[in-house]
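Labels A, B and C are assigned to the chains in the order they are written; within every chain, residues are numbered from 1.
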Amino acid sequence: MVAASWHIAAKDLRLCLVRGGGLVQALLLGLLLLFVFSLSQQVGETMSAQGAAAIFWLSSAFCQVLVFNMLYSLEEVNASRLGLLLMPAPVQAVWLGKGLAGLVLLLLAQLIFLPASVVFLGQHIGAAWPQALLMLFLVDVGMAALGSLLGALSQGQAARESLLSIVLFPLLVPLLLAGIRVGSAAFAAAMPEGAASWMGIAAAFDALFCGAGIVLFSFIYAGDD
Amino acid sequence: MECLLALSHAGKCYGTRAIFKDVSCAVPAGSITLLAGANGAGKSTLMRVMAGLSRLTAGTVSHHVEAAALGYLGHATFVYPTLSALENLAFWAKLYGLNANEHSLLPLLRRVELERFARERSGTFSRGMAQRLNLARVLLLQPRLLLLDEPATGLDVRSAALLRAEIAAAKERGAGIVWISHDVAGDAPLADSIFLLQDKKLAYAGSAAAFMQGGAVW
Amino acid sequence: MASRYSLAFAVLGAVLMAACQWFIYVYAPVEAVMGLVQKIFYVHLPLSWWGLISFFVIFVYSLAYLKTRNPAHDRVCTAAAEVGVLLATLALVTGSLWARHSWGVWWTWDPRLTTTLIMWFVYAGYLVLRGMDLPASRKGVVCAVVGVAAFIDVPLVFLSARLWRSVHPAVFAAKGGGLDPAMLTTVLLCVASFGFIWAALLLTRIGQLAQQERLEALLRIDD
């Protein structure tokens, strides 16, 4: 199963990064959001660390919706989905493969978003950055697990992006809150409650939705029309 | 004869609409079975059930071949347009845990007359070429059970002949083949038996020669 | 069958709710600080409880649907989502009125209120999904998966909302703690009366959905 997932992820990354440049759209949308929100500051004013972290995660969330739509639409063109369903591996391999590809793409996008939020929103990275980096990874894993599960639900649908974001965003709230709090600490804000409890919430979310992905994915990714 | 696939009292509904019910049949190795029926008779649905792509609402389907030995060739070409012909094949080969180097894949492309275009993006291919690439994907798997859902749609005469030759070769190799053809009368001479879906039931299951002598024309 | 039950529940609910009015306005004492506005509490609490129970019903029947693919289970989910979103909406409105009077703001970051709001968003999205033009079996499966994923998210939403609040001023003390016994009786009665109304609504809606499906099946042109 892991081998099949790996091949699927490698194929998807190749299609998105090398051919077609599918990530560009997601990147541009995220950057645009960061820039537009930078307009909420007066000249010479800097945004609060928490505000900046919120905008960073908002950009990431939108980017994630586009990424998973793109990943699942790859199989819609010539119904390759059926081909994946026929492969001699559990269908969860598709969930894992798409999740891995999505995680890599999201991390790549954040590699751009992070400096962009520092620049546009006038932040600087504080001493708490190592724990924030760990947190970033934990949150991204959860986003990828849930995104890979729900990304499959819009298969064969028009208006996928809006549908996916409506269902996905509210479910992501615990992760986003965790990301924002710890992220704002990295942008040098005080965090009296400490990062550990937030990491606990993010880790619990990851575990829960990895489990949900494994159990529920086979229902949602099927050949039945 | 060895049975590769058996359906027992199989039924399928979408909501309250029954597609077919009480279908029992078996697909033996080394044979070609034509699946016939009018438009909308549920042939494709039955074939998806056989492929394990669709759930039955009643009855059972039992496969006596492993998933890796099942080949399915339908209207959809399964082709990734931004990958080259070779890369497409290599991807499927890897998924099935097969050798994915050029040495083993190029001969397959030669068999379906696509060797010249091995490194072209398959998005530029015509429908017929894409379907031949799809055929190469199926040949790669060397399936023991081969399910064909109007595979010749959109193929020119030459490609259709190539397809038939491969179907015959697969039978020689001992594969069991179920074939939905848009030209039953034309393809019946190749077939051993015929399944006819009519009025949501399996109305006929038996030898192809006897069926054609009965004078039914599709 | 279902319609007989829903009628019985509706009658019971109506009688009980009428009785509740007496309990709310005559029997239960007027709260010292909040005054008359505190009476909202007797409506707000049952609304939010039965809203949450609706979502739990969706969770249970979604699992059942995934296991059995019985369309009847899917109809329960549809009905529960509609009723649940309705109750959650009313709970939010009454909660907001409470907040305005009690803390002078229409909205505050209270974990319970926030969780209700997030749930409202999730299940409103769920209803959008329900309204889409998908084949019935596919829609059932997709909605069931979302129904399960949404409910297991509830505890995390609540925990994270509570943790988040610790950075905001804690605006109110525990509500349930020092509840007057008369108030407690009243609120329990209210919960019960709303329960009957809830059941009546749910059963009526399930019945309607079943009829609708029957009609559509009869009207379909079959070849």
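The rule is short, and it goes like this: a residue touches a chain if its C-beta (ideal position, glycine included) is under 8 Å from a C-beta of that chain, and two chains touch if they have at least 3 such contacts.
Everything quoted here is computed from the prediction, not taken from an experiment.
Engineer: Taking mean CA positions as centres, which chain lies farthest from subunit B?
Structural biologist: C
Engineer: Please list the single chain whose C-alpha centre lies closest to the global protein C-alpha centre.
Structural biologist: Central chain is A.
Engineer: Centre to centre, by mean C-alpha position, how many angstrom separate subunit B and subunit C?
Structural biologist: 50
Engineer: Distance between subunit A and subunit C based on Cα centroids, please, to the nearest Å.
Structural biologist: 30
Engineer: When the C-alpha atoms of subunit A and subunit B are each averaged to a single point, how far apart are the two points in Å?
Structural biologist: Here the centre of subunit B sits 38 Å away from the centre of subunit A.
Engineer: Would you give the residues of subunit A that are in contact with at least 2 other chains, written as numbers and ranges?
Structural biologist: Residue numbers touching two or more other chains: 222, 224.
Engineer: Multi-chain contacts only, two chains or more: what residues does subunit C have there?
Structural biologist: Residue numbers touching two or more other chains: 135, 137.
Engineer: Touching at least two other chains at once: which residues of subunit B meet that condition?
Structural biologist: Subunit B, residues with two or more chain partners: 55.
Engineer: Okay, in this complex, where on subunit A does subunit C touch?
Structural biologist: Result: residues 146, 149-150, 153, 157, 163, 166-167, 169-171, 173-174, 177-178, 181, 191-193, 197-198, 201, 204-205, 208-209, 212, 216, 219-220, 222, 224-225 of subunit A touch subunit C.
Engineer: Please give the residue numbers of subunit B that touch subunit A in the complex, ascending.
Structural biologist: Touching subunit A from subunit B are residues 48, 51-55, 66-68, 70, 72, 74, 76-83, 91-92, 94-97, 130, 137.
Engineer: Per the contact definition, I'd like the list of subunit B residues that touch subunit C in the complex.
Structural biologist: Touching subunit C from subunit B are residues 14-17, 40, 55, 57.
Engineer: Would you mind writing out the residues of subunit A in touch with subunit B in their complex?
Structural biologist: For subunit A paired with subunit B, touching residues are 3-4, 7-8, 11, 14-15, 19-20, 74, 77-80, 82-89, 222-224.
Engineer: Which subunit C residues qualify as touching subunit A in the complex?
Structural biologist: Touch residues, subunit C against subunit A: 66, 118-119, 121-122, 125-126, 128-129, 132, 134-135, 137-138, 141-142, 144-146, 148-150, 152-153, 156-157, 159-161, 163-164, 166-167.
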